[in-house]
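Please go over the structures that come below.
Each of the two complexes below includes subunit A, the first together with subunit B, the second together with subunit C.
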Partner chain A sequence: MKVIVEEDKCCGAGTCVLVAPDVFDQRDDDGIVMLLDEAPGPELHDAVREAVSVCPAAAIGLIE
Partner chain B sequence: MTVPPGSVLVVGASAGGLTTAEALRRKGFEGRITLLGDETHLPYDRPPLSKQVLSGAWEPVRAQLRPEPALRALDAELVLGDRATGLDVMNRTVRTESGRRLGADAIVIATGVRARTFPGQANLASVHVIRTLDDAVALRAELAVAGRLVVVGDGVLGAEVAATGSGLGLDVTLAGPQSVPMESQFGAWAGGLLGDLHTEQGVRLRLGTGVSGLAGVSGRVTGVVLESGERLPADVVVVAIGGIPATDWLADSGLTCENGIVCDATCRAADGIYAVGDVARWRHQGLGALLRLENRTNATEQAVAVASNILGADQPYTPVPYFWTDQYDVKVMVHGLIPADAEVEVVEGDPAARRFVALCRSGGVARAVVGWNMPKQTRVHRGQVADALTLADGVPAGVRQGLPSSALEDLASPA
Partner chain C sequence: MTESEILSYPIPSDLALEPPAEWAELRAKCPVAHVRFASGDPASLVTRYDDVRAVLSDPRFSRGTGKKDAARVADTDDGGLFNSEMATVLPQEGEGHLTWRRLVGKWFTAKRMAALRPGITAMADQLIDSMIEKGGPVDLKAAFGFPLPVWVICDMLGVPDSDRDKFSYWSDCMLSMTRYTQDEMVAAMTEFGTYMAHHVELKRANRGDDLLSELIDATDADGRPLSTAVLVATGQGLLVAGHETTANMITKMVAMLLADRSRWEQVLADPKLVRSTVEEALRFDANAGFGMVRYIDTEIELSGVAVPSGTTVVCSMAAANRDESTFAGADELDLTRSPNPHLAFGAGAHSCLGQALARTELQVALETLLRRLPTLDLAVGAEELVRVDGLAVGGLSELPVQW
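And now, the complex of A and B:
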């Protein structure tokens, strides 16, 4: 699994951080998504898929 | 439902509907999924319509929620461009405008809201609403050649359209009945800061007065007439005066539709029938009241909860309400519901620097956190609001004092 984020779509809600804090964080200055792990291990896949699905800006993509 | 269904029909193919289908698959559902939508576009996102799509920063296709390979991988049947016209609750069958009859073991209703309009508005050219992608594209084309824009409606959508119009270089007036923009969502204090921002950016505010009507010549709008008697000249008028839950098609279904589809705490409207998103009015156990939210995050969070409940979880849905808005270079977000009598305390940053987080308390309890250009720090404070919602679980009306009546309404008898 490879995770892709589109920073210019991100709305800074932080939903991804609430769902998958090991994979996503937010920048301190503007809250835009930071990818901590672009190839997360299998134990994180469910959480990442949920983060993709519930992102309110549809700013996260996956290549599986 | 104790036995997981073999098939699920989702009525509504926007964020709530699509996320329901995705969540079902993610949770292992292998049965048939049908997604019925009344528009012909592939599922797209609505928040960008009043901002990036309207400004022209994005081509409309960028608002599409998922790339086509991801939609194919969902293995759901997409029935687009066909409107649901009726529901048979007993037989779990939906009738459509084109004559289809779609049946399933479970049905999820995610038909959203339609834009409220003024009487006679449809007969005047250059008067717009923004609910759909086609609405936004049509308005964008007119704004490109217009000089004066009047926005009627001082809620989230109206304020965003005013900001976008101002950014396009138009002469913009924002009119509405509240004393400050977005007062019902932000409260008087933060709404006042937003009003200051619009004024600085050159938007003329005509607040605290109702609109008595639209003026037109030869079938084209020429202005907006306020109850104060003032006439606001306009080349284009945007009417953003709220949404009406899209439940007309359920009139003879037997479902209770009162400002949305009334559901229990698990978002179930009847056996095997659920509602998700803007159209759903469910019992929020943390607040002890019926709640309907027109928020983007609610559509997806409720979709995930409903997917679980269809598969047997039977859990109450008790989210922390959340929304954000982008206007000019400002991003404001709210976790929770701001009480009318909120005591506001700035806990991070500085309002003078236009970067802060504030806690809104009522009766000593944290009810909401408001963030202004500090998204990450705002989320960090969300926990206090979540704690208060948990503490309120099952506690009757006393704890709800001061919450905005626009969002909360009790039913005479418990759902």
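And now, the complex of A and C:
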């Protein structure tokens, strides 16, 4: 699994950080998404898929 | 129901926790429905999940504030909150909106919310202490759901505890569509504006560890400091957005869980379910309020229906959240539902700025109630609960509980 984030779409809701804090974080200066792990291990895949589906801005993409 | 029939919007509903029967019918047969607001202005109501998400996520469309032919929501002369000065001072779209949103947004990151959690928990405990001291039955809305978020917002704005009651009243007035008179609304907005302008000056002179102090030192897209008007409007916006919504949602969530007490017992037995329970309560909320308005200024198509330029569209996120094509068993409350891509906070660039805060408050509220009052129960029958009408945010008039 490869994770892609589109910063210009991100609205800083922080939903992904709540669901998958090992993979996503937010920049301190504007709340925009930061990708911590672009190839998360299998144990994180469910959480990452959930983060994708609940992102209000559809700013996270996956290549599986 | 036909395409030519014009529904009054909001659609009246008698049951406190159940959706109006029209939603399922509209989603199935009339995905873009002609409606009329309390102002008398016509609009189009969108109820399917995909359509609501598409309209809200489309960066071309905004609220239409200031557009002459945009529908007015309220029956007061100036069309209510969304046509107010507050709504026009803040940048609504494009670069300006993005800059403002990112400035304010850094106060609402998941990390910062995690840091606020112990403070919010202490407030929740304090409110429950008072409830226990007083003894049941009590109205959980007045004793717990309503004060908690206004305390949190006041703290965030650096407002003293003694002014919390004023904030509650202003918040109530500003969201009114029919409950207060035009004079009362204007008076409340003016009073609140004056208070906030004074408060901003106090903060200019004496910075604290709060959002306003930080924004005073911030700059906009052109590198200029934010004007007092923008700072005041930001404070007003946060109160309006963050108080009544969360207060009502805390109350409605607890009502949903206690209306069928096996739900309460399910979370009690497995507190790990708090997070998914909060999300499911947000999705399931059939009394979420008005929905989100968008002014369509270029023709689009929704579910095969042409929506002409100049249309005001109202997106019912609550109706979309019951769409069977997205949520299996949409009319069942499933406390383990995951993923749960509900639209309670909207979608796209204008989705709720404070959603991480709202989630934190709802989770803390539920956790604390479960921990402190495990025997909590309704003090009246669920069928006796009464909806509040005439506010932009739906709620219950009260929630009598005992333990």
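Throughout what follows, the second predicted complex is superposed on the first by the 64 of 64 C-alpha atoms of A that agree within 3 Å, B and C clash if a C-alpha of one lies under 4 Å from a C-alpha of the other, contacts with A are read in each partner's own complex, and residues count from 1 in each chain.
Here is the rule we go by: a contact is a pair of C-beta atoms (placed from the backbone, for glycine too) under 8 Å apart; a residue touches a chain by one contact, two chains touch by 3 or more.
Given the structure is predicted, the values throughout are model-derived calculations rather than measurements.
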Which of subunit B and subunit C A:T15 touches, first, second, both or neither: both
Partner chain(s) touched by A:G31 [first = subunit B, second = subunit C, both, neither]: both
Touching partner for A:G41 - first (subunit B), second (subunit C), both, neither: neither
Touching partner for A:G61 - first (subunit B), second (subunit C), both, neither: first
Residues of subunit A that lie at the interface with subunit B and also at the interface with subunit C: 11-15, 17-18, 26-28, 30-32, 49-50, 53-54, 56-58
Complex interface listing, subunit B residues touching subunit A: 15, 19, 22-23, 26, 45, 47, 62, 65-67, 70, 296-297, 300-301, 304, 322, 324, 326, 331, 333, 373-379
Subunit A partner contacts - residues on subunit C that touch it in the complex: 57, 101-103, 105-106, 108-111, 113, 275, 338-341, 345-353, 355-356, 359
Subunit A to subunit B touching residues, read off their complex: 9, 11-15, 17-18, 26-28, 30-32, 46, 49-50, 53-58, 61-62
Footprint of subunit C on subunit A - complex, ascending: 11-15, 17-18, 21, 25-32, 49-50, 53-54, 56-58
